[in-house]
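Dropping a structure here in structure tokens format, bear with me for questions.
Per-chain numbering from 1; labels A, B, C and D assigned in written order.
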């Protein structure tokens, strides 16, 4: 199955093609493009895009647009570096890798973005950075904040630093690799093809002729597990597994068991053995890494 | 492996042999035996004993002893009937099938037991039924009760009745059956041999030459799962899986995945496929039931 | 102390003067005014405005503007009737009378408002009613909702209906009356003068020469109580007591004790006896009501 | 009102009279008395007894009995020193000064007590120190522990040490002194007369002809506050205020307000002004201390 491109040359299954963006920017001699907006880790598809490469491409063609990045499903789950990668605006949320309820959004802005903000003409009130920055200086907020989640954030930070960010990221990579091995074991396809597979979410294509949402409903009913729905154009064609935040090997295998049994119950053509493949990997992830190295 | 009997003729692997108890009672012409104490569902071994049959045996030999039953790991997980089965004292707790923290113990007494209590000579204070019954009449307790757990109990009851006790018991049977199929699939043995397998807990023998507690420690470290230890004479020889209370198919399969990977990592001889057997059953438990029926 | 008017003729201490608004609307022959926005219960001042009277005034001058009402600090604490009063847009939040954390905002719209929305030109995305209504139809949300607060809302509704809305409103009135009697007892002034006193919040003027924020800081430090700050032009001149939501007589008296001791500690000129006045009322609120009636 | 003595010469209103105990011990030439059991802070009466003085008296008459002390309502609320005071067995619980639910009991034993335990003949199982000590060595328990409260205990300890034990004790003294001033202000009597007033609990005598439990019921109904009941022989004659644990000035004043209004509503003869007296003290506790010093 192919997914028609949104940006010419791009595809939902491969993430942002830096060369396409670069070409578009190079053509924009009058700098009418004000911002390059990209998603670090696309929740709908399970594809990571290369933010650092985008910065490099923008610099190479000397384009002054702001680089704005959505990190909703990557923050706290995979490495991200606003300053090192020259990002102007980062957008994050509390409800994924930070292991909190929905309720806090984060913005991190470069000086250049703050400068642009001063002359921005989009009407705004609640989202206004100036009001927020002014109040934040004294530890306050211009509007009633979700104070309970701020306390939770404090604890979430402690948990992440106690585990160590390197270990947190490695754990997400490990669980994502196990998930992909299960998908391959089942003879199914991930939406992501080539490029960088997401460590935090995996989107899986249903075989033709089967409705992903019917499948999801049945799994919820039979096994009390709510799989992620296909978003936008992927609705009905895709189901998604989030493997991020406070999540470990056995939670993942419980999840994958539900999918494997669900495929069986729904009469969808698949190969058994997805779960076995995930377990074989998770029992000996270092062997797998060593084998991969030896095979190079 | 055999486990030497405690009561002559009995065995830890088969539960209470009613005939043995009956013979002992029949010999007790002077009624020096004051109470027959039995465990409904033995937490250490995963064996259920037949309380109703014990009552029948006692009646047949006309022995007036009290029948006292420990239901700690059965209450709320498998069918139990104090009145129908003629039990004099039932002992239960909040921390297993009732899905609550440890902190509440329950006693249910027949009139005959209350009568015996009046002349009982064991010194007692905190455990005294008279003090408790007197205060309970007005909704109070003779000592500070674990009031928070009483609120929890109220909710737990609602949950059990909302699901329906029949469904609750069937769920426990189903998860227990899946666990036993996994154990067979691994080529391991359950402690329970013949008799009635526990719907709430399964105890599994480690192959000779392997220490169950070393295994448990490794599983805890690698997969953050705490398996039950072997109790008393089973220490080091057995690990246990509790599959009771607020527990479902995917939680069980996550648990069994941890065991299967643990066996692999520990280098313990076993067959892969335990998890597959559990999944095959849980995806189609009705087929399994139908097949069993057809085979009769 | 007087507070200069925002709308000509209006005053922060008396709430919306309907006649002023009516006069303004009557002059607007070309209907350039698109909406009349008012606050039902002003959090900053503790003043209630008469929404029903505003509707009547708008109808009398035949002005087609939308009537939009902020009920943040009134919803669930004082009677409010969108349909009966002909309100087009009501705005509410979870964090006050509904006794929940901040995190949910509510909009309730008339058909007329929905019609206007179709041609509204303010750029919007997250706040767009169309996206929300479309998803809500099936019980979903266009963006990740604060699901935990939705469960809380369910429970909050149960609590309010169990107490009975009439009783909830009467409780708020009673606590507000007690607060005002305490303020009078101390010889201080409420911001609200005449008009309708808020049942949910009371704003109190500091005597000249004393900084309200210094007072608040001291009370927080000495008595671990965080009084509300003066907002906007009232900053430093006012402190506020919220007496809404899950709140009762003894919580209020604990609060008022903190204020009375704080005034004493801070050396602010005041009369003792505020708390006594509040207690005298709360012990016999019906007497007070009867006396008031007799005095008419 | 007087309360007849339990031990000859003792009175419920003054606590343990050391001289009486000493005389009794001196007469026990054959050391038939095996243990002196005393309550550090009597929950029923609000009287503290002098543990250190008891040790001294026992030593002076050279009596070898064990000294056993109940610290249920003192542990974590007032200073207590097992080793310095030569206590052999201390009994404590989680549910008062440690700010936790009921569910954990504590025993702390001297070597001498452990020695006596070896030859003690009272039948025991659940309460057996040997089983507990053996399991505790490896961080375990012989029976299922209230693990949730152990986590809570960890946090409670952090809270107490963060505040500082000296400050915790001073806070309890301050709140108790304020409570007694309120009682005096109302013209009522505390049960405790002379001796050491409890910093954690105050028991108050109802005026003759008024039933304390009727009063408690009405206060609960009208003001949603549950006052402590009179225990044993004090039933109906006394109500009690606990001012211990996670408790501060404003919580106490809310509590005292409920009592003052309750007295008013119930038509019990009393003087208003109890709350004012408590506030006057709590606003300036250091002045009060200085005045007390000056008056010496």
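Just so we're on the same page, a contact is a pair of C-beta atoms (placed from the backbone, for glycine too) under 8 Å apart; a residue touches a chain by one contact, two chains touch by 3 or more.
The structure displayed is predicted, hence computed values, not measured ones.
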Next on the checklist: Measuring between Cα centroids, which chain is at the maximum distance from chain D?
Outcome noted: A
Checklist entry - Where the CA atoms of chain B average out and where those of chain C average out, how many Å apart are those spots? => result 57
Item to check | Averaged-CA centre spacing for the pair chain D and chain B, given as whole angstrom | outcome: 41
Checklist entry - Approximately how many whole Å separate the CA-defined centres of chain C and chain D? => result 44
Checklist entry - Graph of touching chains, which shape: line, ring, star, complete, other? => result ring
Checklist entry - Which pairs of chains touch one another in this structure? => result A-B, A-C, B-D, C-D
Checklist entry - Can you name the residues of chain A that touch chain B in the complex? => result 223-225, 248-251, 253-255, 257-258, 260-261, 264-265, 272, 275-276, 279-280, 282-284
Next on the checklist: Please output the residues of chain C touching chain A within their complex, sorted ascending.
Outcome noted: 93, 95, 101-103, 122-123, 144-149
